[in-house]
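Order of writing sets the chain letters: A, B, C and D. Residues in each chain are counted from 1.
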Amino acid sequence: MDASQNTSNSVDHHLAEEHQKYFTFFNVSIALIMLTAIELVIVYVPIHPGIVMGSLVVMSLIKFLAVIWWFMHLRWDMILCTLVFLSGLIIATGTVIALMLLFSEDPSGAPMI
Amino acid sequence: MSSHTDNDPLEELKKTSTGVENKKLAMWAFLASDCMFFGTLISTHLIYRKVYPDVEDVIDIFDIELTGFSTFILLMSSFLMALSVSAAHKNNLPSMRWCLGGTIFFGLIFLGCQVYEFQHFVFDKDLTLSSSIFGSTFFVLTGTHGVHVALGIFWLGSWLIYSFTDRYKRENALDVEVAGLYWHFVDVVWIIIFTVVYLVEYIEF
Amino acid sequence: MSKRILPIWAGLMFLVMLISIPQCTFSGDGRWFNIEGQQSALDPKGPIAQNQADIFYLILWVTLFLFITVGGALALAMWRFRERKGDDPNYIPPQSHGHPLIEVGLVVASAALLVVIAIPTFGGIILKKQVPVHLEADAIEVNVTGYQWWWGFEYTEHGFYTANEIVFPAGRAVKLNLHANDVIHSFWLPKLAGKVDLIPGQVNTMWIKADEPGYFWGQCAEFCGDSHAYMLFRAIALPEDEWNEWLERQQRETIVGNGDYAPVKEDIEDRELVLKGAELYAQHCARCHSVDSRLQTMGPNLAHFGSRTSIASGWMENEPEELHRWLKEPHKVKPGNFMWYGFPDPSDPSRVQMEGLKDADLSDSEVDALVAYLYTLQ
Amino acid sequence: MSSHHSPDSAAAHSEPTGLWHRPLKKTGWVGFLTTVDHKKIGIAYALGALFFLLVGGVEALIIRLQLMVPENELISARLYNQLFTMHGTTMIFLAVMPLSAAFFNYIMPLQIGARDVAFPRMNALGLWCFLLGGILINMSWFFDQGAPAIGWFAYAPLTDRQFSPDIGTDFWIMGLQILGIASLVGAFNFITTILNMRAPGLSMMRLPVFTWMTLITSFLIILAFPAITIALVELMFDRHFGTYFFNVDGGGKPILWQHLFWIFGHPEVYILILPAMGIISEVIPVFSRKTLFGYPLIIFSGAVIGFLGFAVWSHHMFTTGLGIVATTAFAFLTMLIAIPTGVKIFNWIGTMWGGRLRFTTPMLYAVGFIWMFMMGGFTGIMHSSPPVDAQQQDTYFVVAHFHYVLIGGSIFALLCGIHYWFPKVSGRIMDETWGKINFYTVFVGFNIAFFPMHILGMTGMPRRTHTYKEEMGWAEPNFWATIGALMLGFGILSCIIQMIYSYYKGAKSPNDPWGGRTLEWATASPPKEYNFAYTPVIHARDQVWEDRHGTPEKRMDKIAPDPEHGIHMPDQSWWPLITSFGIFFACLGIVFFRYEFTFFGSLSYTNGIGLLVVGLVVTLVGIVKWALEGPGGYHLYPDAEDMEEIRQSQSKN
């Protein structure tokens, strides 16, 4: 098996894979725009604010994960990249949530929790 | 059978203990760190929104159509970025240049929207860094994001220019991918900011 | 030579250590451990400090037990397995990689010891935060405000202010609302309760109770600028009758009409001097200090100043010579204080918003007059 | 040793790359300023850190002399406040962290069998940013109002322009920012290096513990530093642009600063102690002649300590009026940390148990570490209980606690590491007798200095007070603490003198003087430029030990380099140095933003914008040129001696 054939094989393989990715990216970006549009509309819809809040959180989470999963190639990369990123993401999320809870105040300005 | 990897410079770069290229791994570590940067800024903003909900009439200040438009622009630039990385991996330089150019163009539009938004807030709505605590946290948070976007544009622009020189090699696809990771991250941060800074204000509790 | 110098030096070092231990544990006048020192947390005089000291001793015993067992094992290992003279230098001991049972056992044991600590800890957290129900009924309430570098006390129920000495009845709970005027301070009365910070923009609460009448020292415990070390205060727990007397005295008006300083009585000695002092007071002091106990201005309230035990926020005893020094050269007693330098303008710190004594240039006799006047404020 | 430049990099050299050509000189000033060699950078880190250790030590001794007797008037209150601020900042950011970084740089690549770190030029950037950051912070001494007087955790609102109008505070803010950059680029580099550049066969569960702790510490750095970076940015905006992040007048919450600071600050404590634990875990097995007891558990507990470190920050704030739920949660989480920490101590004792202990100087420091760290840990358990902490917070009890952890812990372990790896770095061994004399001086001095502080704290002495009244009864412990501090200072100084002496006059050391276990002992002392002439193939956790005592199938294989290609080495570069100067000037520009000050007696005015722009331009040019220059590289060929060694090992197998 000579080297040139091998190389062309690998390039073909690359091409096919990248071609496949194009459609994935296109679908993802359409989904992202749809979600953004829904987000923009839903805040004006007269339903319970809790539901709006919840769906906003869920939708932006989906958008967030879609971008890192497909656009940022985590789907195709080694699991290690995901783990490294998740270490930061989890600690950052935990910190934000903890801070939000710590700043639940009573009227005098002292923390309640 | 080692000829396969020997001939593909991109596979060559993956010859590390974990199989992930050095630059990519360092970039992911940086992005993990950047999560904490933005986590801290976003919590500062949200804490003060929570403590002082009525400090400014935020809905009156915001222009959600413009912000929705710039969010759309940033998402599109992210799409084009994904395509340029794909093209770079195929070593399809013309396609990569067009997509990179589009990414940068959309990035510039986003930045333009932000500049317009800032000057509108400052001059028409009297919201400045020192007008209220909302101004402080809002401008520093979105400004930091804007600085990230500007750096990203500079970085991608460098690669666009570099791709026209004959020093550009197949291995540089990795560098474009790493710059792309950064760009996508700036995008996902905006997804969060768009929701928790802008949209949430419009919910009437 | 070098063979002998090591044991000699090591011996010397341990000798120094042996000398230093008793020196440190006995305070100068021979009391053991300074345990009854002015601000000792190990000499509790109230329920919160008692609870905190109890938990401290509990943890101390737990950790001492750990120190003796773990440290004992370490010492034993160091002794038993040391390389002795004449040992085979190439000896290889049996290699062991660890034992899961030992590891798990030790983890479980340490977790169990932590539970012993955790339960009373939780009780202590609750006790410090909430006044127990049986003390709630006759509790009094005081607003504490921390300033750079003194303490203001406001007796909300009776509507008067005092400074640097908090007086309260023994045996009753005192609820404290903690405010800060400028930077963060921390209210600490070691013999009655652990500290709670005074933070600008928020109101913290705590409570204290003295079991018996007594005189306690307290101090700011959070670094608050140049003169942080001089930000002390005193707490006086009085028996019920003396407390009522004190309350009555504090509420007595020290001011007549709309004047901003107290009238000088007809029948006192050195009346001339006191009158001069009153004049100087009006000229130099009245901008920041008030002698009306119902009014809090920028400086410490000076109503009933003559009856206080300490001056300069607890740093000096209230004696004429000390007061003279304090008024003559306050910046040498407390660096950076506003009484000398004046208040800086918050918008431009290089400018002075209100002048201090630096610009008054008081002579010794003028200071004497001020001292005489201040002591008439009983 | 022969070398030549590979064709591709030679081509790069002949291209017009701007102001000057790529530096090639290995020696002299050029060699030092442009180096990318992890060993030289490690040594430079160590020298810088030891210098700042002495600076911080002198500051500490002045503090102690002031407190020696009650109502002392040796120094003014303001100078005292500046001294403890700078002492804390210097010791944490400029002494202990860089000294750990020195070991990360020098030892870690050797332990994983790498030729250099993943990004050698970024490593140089880290070094220069550390040195320039240290210089920037200490420059404040030479300006009119002197150094900052805000405490090392700089609680707002004392840091607001209103309460600290001095320029020292601005120097402190921007200096920490530069040091943050230094730590961050270093950490990204170490993470990539450890994960990606391990020798063949060196799986994660075969990594030396020190390398593991480097990895965990690096993760702590990248996740903790952003919090303080942002907090400092917000503080800088408050001071320069009138924002209200921590300004009460505009609704700011000073308590937010404390949260953000300790979100960084608590992991920072573990950034200081985990490398120390790594060093101890290397030294104890060597001098016990036994493998580390419970290796997986030590690694796991290190990771758990690191992770829990992000969930306990508010235990520094028990007295700030947190609610009952928060106080309880943070208290219990803090207590949990005692378990993995205890596990480590049990395992060290388990390692010693049944071994053959040789009490060399490094071993003495290691055992001293365990004792002192136990004491510091036990007082830590006391602080984890909020009711007890309410009495101990901000008193000398806390001062005693963290000095037991940071001197008795970190510094003892770092001294242990210095004595242990000194032969590897210099090729000479430090004298055992003098080393032990120094150890006893340091150990006894340290205990006399800091044990009495427990008594002082419990009897009511608050920290950060420059004087105290005689009636308080604190005179004797304070007096002896000062005596002990002087002894400690003397011990550390003589340690450093002994190091310098040994470097020039010490006895020559073989490659492996201690009977080491990990890979760094397999190479020459000092290691050649290329670290290893061969690619080591690892078959066991304690590879060098197995080579000596293990079964033949566990011996290390040595793969000789391609005789044509040689060993690839990275090129030197000016751009890290230039970029760091750009960052330095930009930060200096921000310090001088809108500043009026007297300089040599005359009033000067600057807005610093010019300096900021110049700095940013230099930084940008530096980065662009850095990128265009590329990593470069040249090839080295192992000398005959090395080739002989490789041949021998191959024939043996």
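One rule holds for everything that comes next: a residue touches a chain if its C-beta (ideal position, glycine included) is under 8 Å from a C-beta of that chain, and two chains touch if they have at least 3 such contacts.
Since the model is a prediction, treat every value here as computed from it, not as a measurement.
Peer 1: Which chain has its C-alpha centroid at the greatest distance from the C-alpha centroid of subunit A?
Peer 2: C
Peer 1: Does A-B or C-D have more contacting C-beta pairs?
Peer 2: Most contacts of the two pairs: C-D.
Peer 1: So, what's the distance in Å between the C-alpha centres of subunit B and subunit A?
Peer 2: Spacing between the chain centres: roughly 13 Å.
Peer 1: State, to the nearest whole Å, the distance from the C-alpha centre of subunit C to the C-alpha centre of subunit D.
Peer 2: Between these chains, centre-to-centre, one finds 35 Å.
Peer 1: Express in whole angstrom the distance between the two chain centres, defined as the mean CA positions of subunit B and subunit C.
Peer 2: Between these chains, centre-to-centre, one finds 51 Å.
Peer 1: Subunit B to subunit D: how many Å between their CA centres?
Peer 2: 33
Peer 1: Touching two or more other chains, which residues of subunit C qualify?
Peer 2: 201-202, 204-205
Peer 1: Which positions in subunit B touch two or more other chains at once?
Peer 2: In subunit B, residues 18, 20, 25, 29, 32-34, 36, 39-40, 47, 51 touch at least two other chains, as defined above.
Peer 1: Scan subunit D for residues touching two or more other chains and write them down.
Peer 2: In subunit D, 191, 195, 222-223, 227, 251-253, 255-256, 263, 321 touch at least two other chains.
Peer 1: Contact residues on subunit C for subunit D in the complex?
Peer 2: Against subunit D, subunit C makes touches at 2-3, 5-6, 9-10, 13-14, 16-17, 20, 23-29, 31, 33-35, 37-42, 49, 51-53, 55-56, 59-60, 62-63, 66-67, 70-71, 73-74, 77-78, 81-83, 87, 91-99, 102-103, 106-107, 110-111, 114, 117-118, 120-122, 124-129, 148, 178, 182-184, 186, 188, 190, 193-197, 199-202, 204-205, 217, 219-230, 315, 335-336, 344, 346, 349-350.
Peer 1: For the complex, which residues does subunit A have touching subunit B?
Peer 2: 1, 3, 6-7, 10, 14-15, 18, 21-22, 25-26, 28-29, 32-33, 36, 39-40, 43-44, 49, 52-53, 56-57, 59-60, 63-64, 67-68, 70-73, 77-78, 80-81, 84-89, 91-93, 95-96, 99-100, 103-105
Peer 1: Enumerate the contact residues on subunit D facing subunit B in the complex.
Peer 2: Result: residues 118-119, 184, 187-189, 191-192, 195-198, 202, 222-227, 229-231, 233-234, 237, 241-245, 250-253, 256, 260, 263, 624, 627 of subunit D touch subunit B.
Peer 1: Where on subunit A is subunit D touching in the complex?
Peer 2: Touch list, subunit A to subunit D: 80, 84, 87-88, 91-92, 94-95, 98-99, 101-103, 110-113.
Peer 1: Can you list the subunit D residues touching subunit C in their complex?
Peer 2: Within the complex, subunit D touches subunit C at residues 76-78, 81, 149-151, 155, 157-158, 161-163, 165, 248-249, 251-255, 288-291, 293-297, 319-321, 324, 327-328, 331-332, 335-336, 338-339, 342-343, 345-347, 349-350, 352-359, 367, 370-371, 374-375, 378-379, 381-382, 384-395, 433, 436-437, 440-441, 443-444, 447-448, 451-452, 455, 458-469, 471-477, 479-480, 483-484, 487, 549, 596.
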